[in-house]
Structure formats: C-alpha cells, structure tokens
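In what follows, subunit A forms one complex with subunit B and a second complex with subunit C.
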Partner chain A sequence: MASKRKKYEAAQGIGFLSPAMIVIGIFVMSSIVFALYISFHKVNLFTGYYEFIGLDNYKRIFTDTKTRIAFINILSFVAVVVPVQTILALVMAAVLNANIKGKVGFRTIYFLPTLTSSAALTMIFMFLFSLNGPVNQIALDMNILRESINFLNNPRFALKVIMSMNIWSTVPFFMTVYLAGLQEVPKSIYEASDVDGANSFQKFMHITIPQLKPITTFVLLMGIIGTFQMFDQAYIFSNGSGGPENSTLTVALLIYRNAFGQNNTMGFATAMSIVLSIVVFVVSFIAQKLNKSESLY
Partner chain B sequence: MRRFLSMALLGILVMGLLGGCTGKKQESQSNNSNNASTNESSDSHEEQSLEGKQIVVGRWGGNDAETAAFNQMITDFTVKTGIKVEERIYSDYNTELQAELIGKTAPDVVYVDAYMAPFYIGQGILMPLDSEEFQLDQFYDSLKNAFLKGNQYFAISKDYSTLALYYNKKWVNEDDIPTSLEELWQGDFLATLKDTLPQDVVSMTYNQDLARNLFYAEADGASVIKDEFYSNLGDRQVVDNLKPLMDAAIEGKIKTPADLGVGWNGDAFGNEKTAIMIEGNWVLGFLQQNFPDMDYGVIEIPTFKEKQGTMVFTVGYGINSASKEVDAAKAFIKYATGIEGMSTWTTGAGVLPSRMDVTEATKVTDDIYKVPHIKGAEYATPWQKGTTMDTINNEYKNYIPSVISGERTLEDALKHAEDEANKTIEAN
Partner chain C sequence: MNKKRKYIKWILYGMLIIYGLFTLFPFLWAVSASFKTYKEITGGGLNLIPKQPTIQAFNKLFMIDPNFLRWVINSFFICTIGTFINVFFNSMAGYALARLNFKGKHFVYYGVLISIMVPGQVLLIPNYLIVKSLGLLNSYNAIIIPAAVNATYIVMMRQFYINFPKDIEEAAAIDGLGRLGTFLRISMPLARPAIATQAVFIFLGFWNEFLKPKLYLSDPSKYTLTVGIQSMMSRYSGITQWDEVMAASLISLLPILVIYTVLNKYFMQGIRMDGEK
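After this line comes the complex of A and B, so read on.
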C-alpha cells in the first residue's frame, strides 16, 4: 500500500515538474548541447553546412589577438567593477539602515538608477562625458582640468566611463539586497557588543560584514556573472566596433560580431561563449571560496 | 480529498498545456475564416487566384510618417489584390532576420539593405527575380545593380537616400560655403565661421564611419578593398584622400555628434549645436517634425579632387527563398515597387523614388530640399562593397579616434586597421 502511495506521489511530483522540465529542456538544455556541438564545427547555419574541425575553434581563441584583448578587457572590468560595487553597496546599505532622517526617501532615490534601461543609461553617460558635456565643464570650471578630455574617444578613458556607468547602475540593486539582509541580523549581537564597548566601525567590521557573508556571496556571484556578460553598454558606446583601439571590446561583443553581421563564424562564436562560461564559472567558484560564506553555518 | 485536489490540479495543468496548443489552432482557423471573408468581399479581378493569400513582410521601424505611408500602401495593395499583408517589425534588423532565416521562420518578403545584399545573396536565401517582370528598365542603374549578381537580380530597390550638405541660414550664407571639400576643411572658412557662432555651437559635424566617408576615401580611383576581400585601408592613396578630413578634425574645426553629447547629426543640427552637417534626406522628416521653425538650406556636397561625390544608400524588397507564398510575395513587390505603390510610399515617407517614372510623376524635384539629394544620385558611391566591409569598417571606426586625439598618425592608424581587419578576414 505504502509503495503504491509512494509511486503515486512520485508521479504527482514528476507531473508537476514536467512542464518546467520540458520548457527548460527545449529552450535551455538543448541549446547548450547544440552550442557545444557546433563549437567543434565550421558551420554555416543558413545553408546547413557542417564540417567537423575538432578543436580548431578553441585553438583559435588562444591565438587570436582580438580575443585576447577582449578577455583582458573584461577581466580588468570585472576586477574593478565587482569589488567596487560590492563595497559601495554594503556601505550604502549600512548607512541607510542606520536611523537617519528621511531614510525611506533616500532609499527610493538611490534605487532609481536600477529602473533605467542600460541603453538609455549609456546615452546619458555618453552625454555627461562628451567633449562639451557637464563632467568636462565642471572640471574646467573648478580648474581641475586645463582643457576638455575626450573621454569617449580616448582608449585610456573609454572603458573607465563604462565601468563608472556600470557601478552607478548596479550599486542600488545590490544595496537593496544588502538592506534586506541587514534586517535579518539579530539585534542581540549588537546589544552584546554595546555592553563590550565596541564602536560603530568595530560593529560594522566584526558583526555586520561577517553576518552578511551569504548575501555577499550572492552579490559577488551576480556581479561577476553580470559584468562578464557586459554587452549592450560597450555596443552602444563604440557603435559596435569595440573602439577606440579595442578598449571597449568585450567578449560578449566579440561573440556577437562573429555570430552575426557579415561574418558568419558561428562555430568560433559558440566556442568563445563556452570558454567565457567556463571562465565565469571558475571565477565565481574562486570568489565563493574566498568569501567562505558557508563557514558561518 | 487531498488526493482529489492534487489530481484536479494536475488535470488543470495538463489541460492548460494542451489548451495552449489548441488555442493557437483556433486562432489560425479564425484567421483563415477572416481571409475567406476578405476573399468574398474583394472586387478585384486581377490576381484572382491569389485572393485570400497571406504574406508576411519584414521591415525595420521608421518614423510616424514612414509607418503611415507603409500602412497606406499595404491597405491599397490588399484592396486591389485581396492578398493580406502582415507586418513584422524588427528593431535590430539584420540580427533578428538572420536568426529567423536560420530558424526557417523568416517573412516571405524582406527588406534587403544594399550593404548586406552580397552576403544574403551569397548565402542563397534570396530568390532570383525577373528583371522584365519588375520593370527594372525604369529604375536608376546604380539602384537596381545594387542587388545584381551575375545576370540575376535578387531584390528590387524600394527607394534611396543620398548625402547632401545642410547649413543653418541663421549663421551661414550659402554663397560663402567653399565649393570644394579641400577648401572647406583646409581653408579658413570653418575657423572664421566659428568666431561668429555662439560659444557652444561648432561650425560643422562629421562622422567616423566608412558609410559616410567612403566616397572621398575612394576618390581618384583608390579602393579600400584589395583582392576582393582584403582591407586596403593603409594604401597611400586612401591615406592621402582621408587626410584633409582628419586634419580638420585634429584641429578641432569639425566635431562628431558624440563630441557634442548627441546621438547623430540631425540632433546636433536641429538643436543648433552645429551650423553645418553632411546628412541623408531622412533628416528632412525629422527636422520638419521636431524643428518646424528652423530655417536651413541644402546643397550638394562640395567637390573633392575636382569631382562631385556623395554616398547613396538603397534598400530593396527581396523574397525569402524558403517562402511558401512566392506568387503573392511577387505580387506585393510588383505593387510596392510599381508606380502606384512607390508613389504612395515615397511621398508619404519623404524618401526618394528609385524609379525614374515615379520621380517624374510625384514631382519630387519640386521640393528644393530634395533636389541636391536627387542630383547626387547621378554620381554617388553606393554603400556596398563585398562581404568583408563589416570587418573593415569596424577597424576603421576602431582606430580613427586615436588619430583625432593625436595618439597616432593617420598613416599608422589606417595601417593598423588594415592589418587587424585582414587578420580577422583570413581567420574566417
């Protein structure tokens, strides 16, 4: 009787799971398998031409200068953006969690950038950093600069503009995540530390940060995944070229350029995207290990 | 009870899934019956066998005037032939269309940009079209030939645009504008003009894009492509040809729209951030709509190396070779590129007709703003050059900024752009 009931429950479970499994199977798993398959081929998807070329597409990733530049760009982007956005979000959340006047208003205002689409945001930042734009004007008025800097057309600055834009737009979202996490930190620990005579900074360093480790892991992972896949901002910023001088060429942009347009090198593009996902996985794994979030439990 | 509830829930779920499928079927059935009723009510005697057919036309979105003109044209077409037209509008046209072509779900009739035509023709996804059937003898040669491979045409030009010089009459007197580009960029005109302009207005804007720069890059028989595929940007003659423009940009006489914090020339010109620009006739509708009080003039682009030059851009209608409604698709293209359809489209959308007889019939030459654009069509360089132009232009856009910022010489930048492009082309 019991086994019949078990079977019945299993059937129920499978029944409820199957719609999601079917959808994920068709739209996610099968495309991953297909991508793997074509990454070993020279393909023309228009004509249905497939030629097995083994690891040639993967080998090309390591010899292609463009790909190397793209990976270096995106790694430096991640190395700057992820720590900065995580620290800023944590600090801002801690400040907004304190009993300051009008904190609800501040929270709302700080959250606004998250609601702007990244395309619109890119246009706004391109205006802000343009040759005659407000950033240059303010710097000139305050005598910080002697003449305007062409942020958009200078390889030394272009990626940094995108970095600042990315940080500005993602910090509010992560700040909200941290704010939610802060509500869960037991008040009693802070009270105990008060008794021990800890100051605010000590409380932040020794209670808030360790208590928020699981949240930090989430923020780091989301940050790493999001920044590695950065595409639209670089695409709009450089008009698709990855310029000036390849400074805004990201891996996702290069994948797009190889897959579409007049290039039709879909096999190479998929190989690159598989390597990118491996890199994302490895970096995320290291970040998670470094943060040791599970040690709390 | 619990058992009953979970069974019921499961049942609802399964029904929902199946329902989704049947719902679609019903929809398509009702569509068919709609078609049938159009069938009956249509009074057209032409294309009798095609009545009730439905085709999908893929295009990119345009401004309000273009959308209205296109809708008018398809309404007229449906009334005349009984063929229903469903529009599919894309935002990132070539990417989305390519995905659909691969997935075999692309529309029957598609917009084909002349620039992308060699690629699409090479992939065999466009159906060859008969020149007599589509009256190609009435079309301007450069426009019909943009879709020619071998002796076969693969799309029919629906309209075209060329570049011309726009100046703001508030600040610029037409007679003062130099008659050659060399004089314009290298002489004192732009610097003198700058002194008379308000502080935040620049004399002229330009673009760092081969789609705009190709005609002077290739002046005097130079070519940015060698051996059919490879980049030739570093060629001595190409470098010399581009030098006057780049020198003017280095000296700060001309700026890009991005330097001014706007997206394109039209924005910079309309918002009076620049006094002169070189732009296509698509800007006319934009200016009329957003800046109706603006007083501006349009002239042909000054000569370069003593010759007139400009760019011409054209888009055609092509038939997806996987289309199941070839006859209806042909009927649509015949109408849209015929006298009636093209007249409706070009007058409504403010674009230029590709047919000589429509140019006459619509009296488009009476429009003083369009005349310089129409004249330009006679000597223009088409924006189309093989299947590697994407890569070549990408590298051009990649390296030109360093020339302007003074970090590289033009020669060095173009040599780098050439090498990088050729590396990519070889690897592909």
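After this line comes the complex of A and C, so read on.
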C-alpha cells in the first residue's frame, strides 16, 4: 500500500516536472553538448554537412584579427563599466538610504532606464549624440566644442557612448540591490560609531562598505556576466556591423555575425562562445576572490 | 551639530536631484523630439518645448506605417502567452521540487541550478539549429517555446513552497481534491505574491527581448516592437526619422510603466530575492 502511494507520488512529481524538464533538457542541457560538438566541426549551414576539424576553430580564435579587436573592445568595456557602475550604485544607495523624504519618488525616477528596452534606450542615446542632437547643441552653446562631433560615426567615441549608456541604465538596478542589502546592516554598529565620534564619510568607508561586501560580490558578478555578453546595444548602435571601424565590435556581436553570416563559420562562432564563457567564468572567479581577500585587513 | 546635519542633508538632496535630472534628461529629450516636427529636430536648437507641438509622429506610426500596430500587437501576444506558460511551468516544477518526494529529485534540482549558470551565448547557436530543425523559424513559437521555462523562477517557487505551511493543502486533499486540483485551486492562489513577482519580470523580459526576435523573425510584419524600432533606423535611404523613432520608443515604454506603477511592490521583491542569492 505504502509503496503504491510512493509510486503514485513519483508519477505526480514527474508529471509536474516534465514541461520544465523537456524545455531545459532540449534548450539547455542537450544544447551544451551540441555546442561542444559544433565547436569541433566546420558547419555548412546550407547542406547541413558537419566536417570534423579538431581544434582548428579554437586555434583560429588566437590568430583572427577581428576576434582580437572584439576581445580588446569588450575587455576595455568591462574594465570601465563594471567598477563605475558598482561604485555609483553603492554611493547612490547610501545617499538614498539616509533619512530622506521622497525616497519612493526618487527611486521611481531612477528606475526608468532599467525598465526601458535596450532597443529604445539605444535609439534615444543615438538621437542624443547625433550630429544635430542635444549633446552636440549643449556643448556648442557652452563653448565646450567648436563644431559638432559625429559621435556615432567616430571610432574614438562610439564605444564610449555605449559605455555611458550602459552605466546609466544599469546603476539603478544595482542601486536597488544595494538598498535591499543596507536594510540588513544592524543599526547598532552605526550607533556605536556615533559614540566614537565617526563622521558620515568614515561610517560609509568603515561600516557600510565592509558590511555590504557579499552584496558587492553579487553586483560585481552580475555586472561582469552582463557586460561581457553585451550585444543588443552594440548591434543596434552599428546596425549589426560593429562599426565605425570595428570600434563597437563586441565578442557577442562577432559570434552572431560569424554564426549567422554567409561564411559557414558557425563552428568558429560556437568555439568563440565557449571561450567567452570560460573568460567570463575566470574573471568572475578572480573578482570574487579579490573582493573576499580584501576583508582580511 | 544640528547645523552640520542640515548641511549634509542639503548635499544629499542635491546629489539625488542631480542624479534624477541625469536620469530623466534622455527621456525628456525623447518626449520633446516625438512632439516636434522633423524639421525642428534637424534644425538644431535647444528648446525642450516644441515650437509647434504636433502629434504628427504618432499619427504617422499608427495611421501610415503599415506595420507599427502589428509590432505592438505581436509584442503583447508573445509576452502574454509567454508569461502565462512560464508562470504555470515554473510553479509546477517548483512545487514538485518542494512538495513531492521521489527518486532523482535532487538530481533534477541540480540540473535546474546549473541551467541558470550557462551563458546565453553558448546556447544561442545550438538553440537556433534546434528551432530550425523543429521548423519553427519565423514563428512566434520560436521565441516562446525555448523560453517557456525560467530556471531562476523555478528555484524561487521551490523556495516559496518549502517555506509555506502544508496544512491547507492537506485539508483540501482530505476533502477529496486530487493533486492537480489542490495545486490549481489552493497552492497557486496562495502563491499569488510569488507568482506576481515572477510574472512581472518574465513579462518585462519578453517585452524587452531583442536578440531572439531579431534572429528568429524574418518577416517584418511578424517583428516585435524592439526589432521593429531598430528596423526604423535609417530606413529612408539612410535618413532616420527621429520624431517617429522617438515616438515609437516612448510607446514601447508605456505598458512597462503601467505595470511598474501598479505592481511596484512585486518589482522590489523580485530584486531583493535576486540580491539574496
């Protein structure tokens, strides 16, 4: 009797889980295996022919010029965006957490960029930075510029426009994560430091930052994972080309172009996607370690 | 001391206001541009309030553009169906992992955890090939089916049901409700806050998704709003109609704004949940 009930419960469990298992099984688990398989092959999309070529796709990553450019672009992007967005989010969360009226109102406004799709955001920023757009106009009016800069078509500025947009749009999310973390910091620590005569800045440096360390790790990881895979903004900004002069060519964009272009480079693209994942994993691991070891002193 | 406190407070307010303006600035310009004539936009000038306010851009989008309304409807369709399916599948899986006992449960749970960590880039190409071989290219199913389940929210629902008292469900079972009946009539309604939280984020995810519709939908009348807006870029021989593009961008923001203001509470819950991982 008992075993019959057990079997019945097992059948129910499988029944409840099966939709999720089918989707995850096909589109995640078997896809990982499939990705590894593809990465060792030369794929002809039109004939559907897979030719085994061993590690050639991986080797090509280290010799391909465009790949090098894409990796340099994305590394500089991560190196700028992640620290800036983390620090800004932390500072703004601390400010917002101070005893201030209208918190909800401020938070609602700050959250706008997070809600907006990358497509709409990129369009708005492209308008702002266009030749006759507001940024150029303001800079001209204030005599910062002598003549309009074509931000969108100038390789020196294109990636920086995307960087600033990315920071601007991700800070509110991480700020909210930090705000939630701040609620957990015991008030007694601040009160004790009040007795010792600490000022606000000292409290921020010596209590808030160390207490929020686990949250900072989370924010750094999320930031690293998000920025390394940056695709939408680069694609929309350059209409898929990665231009001007490859300045907005990110690894994710290059993967897309190789996979779905005309050159039968799907295997190469897959290999690149696996290498990108490994890079993300390693950088995340290092960031996590660094953030932890700091707490030793 | 008191005076110093006040001083600090003013600095804090100053920072908040400056950051607020910094956030609003792009949106204000987008609103402004969508009510300006194309001539006024390209003519430069720094007036935020249009000289001759016009709804011409919106008119063009809805009356003249053959596809714009379709894109809005497509987006709504995909989001609604996608969210509905997700809520059911995620909740069922989470419920089973929390409440039902059977062999291999932990194995399944670790599988779910692993699938959260796999980067999307790796799955992109195999997923495309699978979708293609299933004959789903250029259909809404190509976007909905691979995203019919979200592992993060399976874990969230599991957590919810683990922490939730069993008594009411047991009472329902004694009253003769079967497992599915208990789940649909008792467990799902009781999980309303958790369901609202995941629904909000899943909807937002579908609404703002760009890469997959871009990849899978080739027929312009099938585009979602995000891909549609991108396709409006320089479509008239390299010239971008900024008034229309800005108006379209704002329209794409409206439903999200409505959901955000109505369900703000659940938004914040979702982020808090993420932050605790």
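As a working rule, the second predicted complex is superposed on the first by the 266 of 297 C-alpha atoms of A that agree within 3 Å, B and C clash if a C-alpha of one lies under 4 Å from a C-alpha of the other, contacts with A are read in each partner's own complex, and residues count from 1 in each chain.
Here is the rule we go by: a residue touches a chain if its C-beta (ideal position, glycine included) is under 8 Å from a C-beta of that chain, and two chains touch if they have at least 3 such contacts.
Since the structure is predicted, the reported quantities are computational estimates derived from the model, not experimental observations.
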| item | value |
| --- | --- |
| Joint occupancy of subunit A by subunit B and subunit C, clash or fit | clash |
| Touched partner set for A:Asn44, first subunit B, second subunit C, both or neither | first |
| First, second, both or neither for A:Asn239, with subunit B first and subunit C second | both |
| More subunit A residues in contact [subunit B versus subunit C] | C |
| Which of subunit B and subunit C A:Pro19 touches, first, second, both or neither | both |
| Which of subunit B and subunit C A:Phe260 touches, first, second, both or neither | both |
| First (subunit B), second (subunit C), both or neither touched by A:Asp56 | neither |
| Subunit B versus subunit C as contact partner of A:Lys66, first or second or both or neither | first |
| Subunit B versus subunit C as contact partner of A:Ser130, first or second or both or neither | both |
| Residues of subunit A at both interfaces, subunit B in one complex, subunit C in the other | 12, 16, 19, 123, 126-128, 130, 132, 239, 256, 260 |
| Complex contact set, residues of subunit C against subunit A | 8-9, 12-13, 15-16, 19-20, 22-24, 26-27, 29-30, 33, 41-46, 88-90, 92-93, 95-97, 100-103, 105, 108, 111-112, 115, 118-130, 145-146, 148-149, 151, 154, 179, 183, 204, 207-208, 210-211, 214-215, 225-227, 229-230, 233-234, 240, 242, 245-246, 248-250, 252-253, 256-257, 260-261, 264, 267-268, 271-272, 274-277 |
| Subunit C-facing residues of subunit A, complex | 6, 9-10, 12-14, 16-17, 19-21, 23-24, 26-32, 34-35, 38, 92, 95-96, 98, 100, 106, 108-113, 115-121, 123-128, 130, 132, 134, 137-138, 141, 168, 172-173, 176-177, 180-181, 200, 215, 218, 225, 229, 231-232, 235-236, 239, 252, 255-256, 259-260, 266, 269-270, 273-274, 276-277, 280 |
| Residue ranges of subunit B touching subunit A (in the complex, touch as defined) | 6, 10, 13-14, 17, 94-95, 98, 101-102, 116, 119, 123-125, 200, 209, 255-256, 258-263, 387-391, 393-395, 397-402, 404-405, 407, 420, 423-424, 427-428 |
| Contact footprint of subunit B on subunit A as seen in their complex | 12, 15-16, 19, 44-47, 60, 64-66, 123, 126-128, 130-133, 150, 152-155, 238-246, 256-257, 260-265, 268 |
